[in-house]
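Accompanying notes for the structure given below.
Each chain gets a letter, A, B, C and D, in the order it is written, and its residues are counted from 1.
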Amino acid sequence: MIELKHVTKIFKQGLGQTQIALDNVSFDIPQGTIMGIAGNSGCGKSTLARVMMGLIPPTSGSVLLDGKAVSSYSRKERSQSIQMIFQHPAQSFDPKMMFEHSLMEALKVSQRIDRDKFNAAIREMLSQVDLSETLLHRYPHEVSGGEAQRMAIARALLLKPKIMVMDEGTSMLDVSVQAKLFDVLTTAQKRTGMTMILISHDLEVISKTCQTLAVIYCGSVVEQGTTEQLLTRPKTAYVKKLVEEFAFFDI
Amino acid sequence: MHYDIQMADVTIEFALKSKRVSAVDQVNVTFKAGKITGVIGETGSGKSVLGMSILQLLPKQACISGTCFFGHKDLYALDAESMRKIRGQEIGLIVQNPNEALNPVRTIGRQLMEPLIKHFDVSRTEARKTVEAHLRCFGFEMPKKVMQQYTFQMSGGMNQRLIAIMGLICHPSWLIADEPTKGLDAILRRSIYDVFWEIRQHYTQSMIVITHDLFFAKKLCEQIVVMYQGEIVEIGEAKKVLTTPLHPYTKGLLMATPKAGMTPIPDHLNPSHESRCKFYSRCQFASAKCKVQFVELREIDPDTMVRCILYD
Amino acid sequence: MIHYFLKRVISLLPVWIGITIFAFFLGLVSPGDPVYLSLTRDGITEPSEAMVNAKRAELGLDLPYHIQYVNWINRVIRGDFGKSIYDNEEIKAEMLRRMPVTLKLAFSAFVITVVAGLGIGAVMAATRDTILDRFLRQLCTLMVSIPGFCMAIILIAIFSECFHLLPTSGMEGVKSFIMPSLVLSMGTIGTSARLSRSNFIGEISKQYVLVASAKGMSKSFIGTWHIFKNAMIPIITFFGLYFAGILGGSAVIESIFALPGMGSYVIDAIYNRDYFIIQAFVLLTGTIYVLSNLLIDMLYFLINPRMKQGDSL
Amino acid sequence: MKMKRMEAMPFMILGAIVLITILAPLLAPFDPEMIDMQNRLSAPTAAHILGTDSLGRDTFSRVLYGGRQSILLAFAATLISMGIGTAVGFVAGYYGGKADLLITGISNVFLGIPGVSIMVAFAGVLGPGMNSLLIAVTVNSWVGFSRIVRGEVMQLKHANFIEGMKSVGASDGWIFIRHVLPNLSDSLIILFATKVGSVVLSVASLSYLGLGLQPPAPDWAIMISDARPYFREHPLLMAAPGAAIITFVWSVHAIGDYMRDKLDVNKGANDAL
């Protein structure tokens, strides 16, 4: 269970100018559900993801993971409960290391599995994300975007997190590759029962994959509720406009 | 009189350090004047390479074979000087990311006047007046002020309209748009659609729109060309192709969209087989014949063609 | 504009103060106690304890360091660098006479570096990956690798001893500056040419170049009006470093070509352990460097439109 | 790392020169400092392959020994400044804020004083010789490294894979050693090669004027300076050490350029320093 209570984040930009990235954001996501966070570019989605991960401290308010503040967790404990997938697949891996080495390192650092089971765990995870083992000896720039992103998911799943955050995970990918990715993700989610938080500007992707939804505009939650309720009976003008934009291309 | 663009046996390969990578493979297509044709395909299908080859805007390493007739001129055979006269004057281009399409250290006004002065040899004041007219036509209230400013002072939407004007300022008969909706959020995607609608009303009907956004193409284009790994697999009337597709790949593409439930196209089941049909290894309707028989782009009816054994 | 100018002055001030502290530090660290030196100059070879203390008080050397520093700064700002230990000459007069020579040399070398660097860089970028490009790149690497004095000797052998075109040393008007400024700029030409090349090539792949050619503009038009100006902006920031390199190198070149500049003066000062001159040299070259940086920042401000629109750096 | 023959040349030359310099005592036919006034200024003979200088010392042996001091000094000084510069640069880049401001301020001051002036100053104050040069070079070149490292670390800090490693649970130290340093290595090698080259050059310039390395130990620059008056009759006396310096510095710079082209990354920052 992850709860955000009145989270605000203000970035200092020198010479006294400040930029409000998040403004009083509060919501909670019960364990095992899939929640979407929608908003156009520049509305603070990525900052929200990094605050939830505990990578950046909120200026005020708190992020609670199973009742305890994220900041009180050590990095290792945090890695065992929450993992993140980034927007640019090839950049989520060290360019100087082969995938096998990156995966091994993730296991070594998080100590979730003891050393002798590493190879078995990696092979098994690769079959789950439908990647061939020859990719293990490739460098991040030598594979397609879709394959790199699935490798990132494999690395995250190896650590058996309770929560998975996707920050625009598929916006760089083609439609068919995106479909493949979500197919892999949803099967993994059903198998492990983990919570998933999908952050994207694409309302259609979110409407098809998430049960609940929050729409963010300029750092604050404009509207929140079940996907079905928001898409058919949006209350605020902004969400109406957003839904109308996507519907425009449907007819 | 607007000419058609006819491309015959076009093959484009890139001579990289170690090996030659083929991007476009034996393409035959005719883009009809007065029609908006959408070229759809995923990354690596060769759609952008095909589009950019028309204006010879490919990097040096590209080697092009085949012909691309614009009226009676073969664009591939043109020397640099005569191709320069075509670019902007007869065929305009709208590029991908608007925020990086303008020179950041040169005022917008001067960049818009450049082609006018170069192609039509008009005086600066006259060029300035034409540019102001175009700016007003695209919804800029204070054209004079905008002409003094720079691209980094403009919003995404405004930059979109500026690059549209840039492509149209010399009233070209044809327009090529390369991935206009790539990486845009919903609002900017809608505003670029309005820009194209504006172009359609006031400037030219003959357009080639290269995109991977199926629904944008369905809404905007009349004709659709679907490409897969450098080959054209299906051509047809837009509404028909994107509601009742013929080729298995197009079907798979539509099924993979969020609206249709995101069922993925299977990955290469048996990639090792060298087969005539490039989609063989991912196709549910694959049969022994597909591997052996070479399939041509068969014409089903006047404006529908498909490359698949099922329709042979 | 003024806002940016003040901002640059404020940010360069600590640099200047740092240089003065470094110069002052040199004075302190230098061996040979100035008290005894001035005493011997007064003809007292075995000064008594009292005389030494009186002298020390007179010179103000008994005060705590920071006060000494402030006194020193007051004198220095008015140009009073003290007297040369060797020939008791007033350093300020000597420096004023010699500074124009060094400035002329450094400035002409700087101009050659910029012009040649950009020129060769542009040629290499335009003909990238051809034989000419590879040859010029090797030439740049070679130019950076030849020591100044070797190049000087070679040039002197060719132009002075064989063809008697240029004077080998001394001050005979413009002609005596040609070889020194060429040798002085040689090293920096290699570096600036390579940097310009990678910047030009970086711009060629940018989107606005594609748009410009799609508008039907000619290659040369795009080269001059679009690529050159964009590439110039990052290059200007390195002019300051080139100038520092040239300023430093001028000391050696002046000695080789016997030009009466500040450089040769300080090199002689080192032979004679004349620390005040060294102090004055470091201070003056540092000040020239800071002023030139300010000038280059203003040039950057004028060329880069992003600055004028109030986007702070 | 397969390289075309031409590209491998600088590495081979550098290797050869360093090897020769180390093995000089074994290779040199004569003791470089043995004065033999009888056949002074002799032309190349079977015994003295490159002839002898004004004091009858064998030029060939002196050229073999000539690089020892300046090359050793260049490598040592550049290594030290690389160490200091990388540490300082990392702190400024990774933690930013006040530390960054302070370090940038200080490094601007060091940049403010042109390199040779520092060397000239230290040579004057501490007396010419090896140690004053070592200090002067280190004081002058650590800034170059810290600026580059700071710039790169700032970029790396926001790279997804660093955030990825943090979310996987890696500590800052682990990230620095396993990820930051390897990714910095390319730029550091380029800068190290360029710096060694420029240090050898500036030391040679000073030695030529008699302010750098001191005779009687054989040094290329001093040899050239001594050979100046005999230049017309005995060009070899100057050509041999000159060629040695140019070859060494060229090979080091060529390695730097090769690494930069291979990296093919438009890092303007590390070209100029």
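We adopt the following convention: contacts are C-beta pairs under 8 Å (C-beta built on N, C-alpha and C of every residue); 3 or more make two chains touch, one makes a residue touch a chain.
Computed from a predicted model, the values in this text were never measured in an experiment.
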{"item": "Leading chain pair when contacts are tallied as C-beta pairs", "value": "C-D"}
{"item": "Between chain D and chain B, distance of the C-alpha-averaged centres to the nearest whole Å", "value": "53"}
{"item": "Cα-centroid distance, chain A relative to chain B, in whole angstrom", "value": "33"}
{"item": "Residue list for chain D, restricted to those that touch at least two other chains", "value": "none"}
{"item": "Sequence positions of chain C contacting 2 or more other chains", "value": "none"}
{"item": "Topology of the chain contact graph, where touching chains are joined (line, ring, star, complete, other)", "value": "ring"}
{"item": "All touching chain pairs, where touch follows the definition stated at the start", "value": "A-B, A-D, B-C, C-D"}
{"item": "Of all residues in chain D, those that touch chain A in their complex", "value": "159-161, 163-171, 174, 178-179, 182-183"}
{"item": "In the complex with chain B, residue positions of chain A that touch it", "value": "40-41, 130, 144-145, 171-172, 174-180, 182-183, 201-205, 207-209, 242, 245-246, 248-250"}
{"item": "Touching residues on chain A, where the partner in the complex is chain D", "value": "50, 53, 55, 75-76, 78-80, 82-84, 86-88, 91-96, 105-106, 109-110, 152, 155, 159"}
{"item": "Complex contacts: residues of chain B adjacent to chain A", "value": "42-43, 183, 185-187, 189-190, 193, 212, 214-216, 218-219, 252-253, 255-259, 261-265, 267"}
{"item": "Chain B-facing residues of chain C, complex", "value": "206-208, 210-219, 221, 225-226, 229-230, 233, 303-306, 309, 311"}
